[in-house]
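Questions regarding the structure given below will be posed in turn.
Chain naming follows the written order as A, B, C and D, and within any one chain the residues start at number 1.
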């Protein structure tokens, strides 16, 4: 089970500054297959995803190395099995690999049994690389209420799927405390770059320089209000040449602020859990009156 | 029943300048639940909405305080019951709270009986905070012809759902006069920032600085043509750090014009009702020939 | 029947320069009712359209007067009947009014009998104002192959619905020659500004200053390649304050080119028909093999 | 069968610089008819496509001639048959014409028999112009796994439909080696300019100057990372005046880099095939467990 041996310096007192967490999903073919098994027959669609292990990941690792910036890679078990060399390369570069399900099917669409199987099969796939992941992110962030419970039950110490804050906090589950490292749609490359008509991943093609300018001003705002800046990328999207340049520009702008630190999710989780000043929350489910909201 | 004791200075003669009305909906989980009760099981979706009371509202109140700018908060009864501390904080900051239905289901989709229940249950929820709202806004602005009648019947003096003008006017109902404070899609943060795939709230993620620039030039146009500048925000959208900065930029630009005044909806309604120069309208329903428009 | 008495100077030889045709649809409630009669019950939707006769048209007429610029207004019969004062104001300002169907239902969705009834009822509605329209535009530009035939049969001399050119040309029908004044999606305000979820008119809210900059560079390109610059606006969209300012900016930029002339569609049609150098076309329908394109 | 007689200089050693391949689809009415035969009755929709042979192609050829830039035109057989003069004009200007199916129906939606018929009928249509195409691109890039096999079987030496790289590579099929010249959505004009509601081609209208700026920065990134810059245009989209100017601006910016060369797809294919340093790939189909991805 992952544990936090040394006090990390992600956000401990006396160590001011905003923390940026680069989280990069390496989904491979999984988001496409989760939309329909038939897409395995579509060579173009498969090739669109295969760009990731072959071209995108080496490029992303080079970029991170050039600026000595750590990242957390969320890799579904299916993608890890299909591209073991990719996983090895990420590990060799010293980055964190975390749990991102086995097949990229959203927990909200699964039975409890299937949900558990996804957790276990994903862990088994990572285990073959010697990885005991410290954290989890739900596919499409589609966590159910069961999700944080399972994350803790299966021995992980953080989740990164929920959006009720923009600062890492401690979530109290029936299995113990968990750090929540909250993502958001506005800091995700999918909403900027995903373009695929069938399956419909999105109709987004933005100028990477405009995206990097937007994220930089978002980071400036985070510096003003405090919080954990959790950026989400996807290998098959952000590994394209122009988008790598956009990411480079963002990293350079972030470093130019002078007080911005890049940390992986594990370090941020440990810092949040060990800091008594971190907010502690319990989730309260909404009690819904079926007379008022009758539609299922 | 709300009444206008003192002549307000929102747009009285001899008091030139353009009036900006900041209207902020605090919908909480209601727009999501109105799209389907099943979303109560989606922890991420619920957390996406829960950002509002916990993080967004304090931030919005701080921003308004920093510029001494009043706002009108439209709060569905369900959201008020779920986050009483949020309502108290808005009241403590001296802002207006107005009626925004109970459950955020659009009047156009409700029977007359359900529509009345929504009005009453929403009023009851606000009454528990000692609030007698002066005005109403339909969820998603989806007013039916019954809506202005109900607003006046239930003792409110303004509505803010209709778009046939860009200047506050007096609407004559069978229960008496009502001020209409017209909103518009182009001055709403939803169309700029709402991104949620399921339920589908929108696919919008614009750069807050571009949004503030657009709204500032819209305000410049309103200064030229006259009118009431009714801006609409939503806590869970505009309370994010970067968007708060966009709103700050808009407020600063508005104040820099020198002749722009911020007023809440109540003040604008009283000024409109008490000013004989305000346009008086009666709505004429369209008489539709079913031979020409056969489809229901 | 409309005829061209005097040689117009829209694009006659020796009269160089690019011609801009401002075409403005005043659809009123028709596009919404054509999407479903039930929307007549939606007060907000109806008010969204009612902005046009009450606020937008006076503002548009003022703008055109300020720059002495002519325009062609396409008005469905239903909208003319509902807002006679609006039609009178357009006529009093000296602008052309042209045929835009009766109910804004697309010809491609109508039987031949209904198509004819639309043509006739639209003509009757305009006739009550003493208007004998010189031209026609199909609702949503959705012309069928029957459309140009009907336009000529009913005595009009131009159509403005087809997109196979960006220069006015002569279309030979079985009833005689017709001028075609081609519009295009890229020069239409609908694709920039239409935002209404139900009925779904679009999700477009662009910055009017960006729109005017885009149209200005499109006009610069038309000056380079030749052609007729046919801009399409809609009262309920472009009559909003910020968009009026966008349109003003476009008009000013166009006039600054020095060699750009504004003409109405009638003048352009007469010039095209009387100029032997105008291209003459006959439409050739596509002969489609149902073995290759089996789906209807 | 096409062969590569002379060593081309597209990307041979000692010949540094980035290669731009301008690929232009001349689809005519085919994408619209493939969406439904009924659209043959829609005069506006047909005219929207008819802009291509009559106006767009001459303009595109002039532009290419002005900068002495070669291009590869992908023309479906149906479009070639309908506009023979267009094909002749492309050939007379010295450009490459390549295979783009017969009817623009995607291979992924066809039976093997229909897929073969499309290949053959498309080849026959081009053969009437004396064209033996060297390469193929699937309609909508919707290649199936059968596609590269068929391309090689029918004697062509390159495909341009797959996205697993951004550099031309060699794809090993059971019929021999093939060059793959990979396109991408982000370098396609469809995602910038296609606007047609029915059939729904897209809702895209971007400013051509913004598009050219984006593509120029993408090209700058390709210069940094290496790769083949494959730009895709469509006659009926990019032949509009403003977009031609956007394309001109891109070409000028590309030439200003000093080390960018324009080559047609044939030259790039020959260079890739003859260069031992070119990456060789075999596609590995994904083995999908139907227990995990049960939905078809």
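Operating definition for what follows: contacts are C-beta pairs under 8 Å (C-beta built on N, C-alpha and C of every residue); 3 or more make two chains touch, one makes a residue touch a chain.
Just so you know, these numbers come straight off a predicted model, no measurement behind them.
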| request: Examine where the copies chain C and chain D touch and state whether the two sides share over half of their residue numbers (same) or under half (different). | output: different
| query | Taking each chain's centre as the mean of its Cα atoms, which chain lies farthest from chain D? | reply | B
| request: Using only the C-alpha atoms, find the rotation that maps chain A onto chain D and quote its angle between 0 and 180 degrees, to the nearest 5. | output: 90
| message | Averaging over Cα atoms per chain, report the distance between chain A and chain B in Å. | response | 35
| field | For chain D, residues contacting two or more additional chains | value | none
| request: Mind listing each pair of touching chains for me? | output: A-B, A-D, B-C, C-D
| said: Under the stated contact criterion, what part of chain A meets chain B in this complex? | reply: 108, 138, 140-145, 147-148, 161-166, 182, 184-186, 191-192, 202, 204, 210, 213-214, 217-218, 220-222, 224-225, 227, 283, 285-286, 288, 290, 292-296
| field | Partner chain A, residues of chain B touching it in the complex | value | 29, 33-34, 36-38, 40-44, 46-48, 50-51, 54-55, 59, 78, 82, 102-103, 105, 193, 195-198, 203, 205, 207-209, 240-242, 244-245
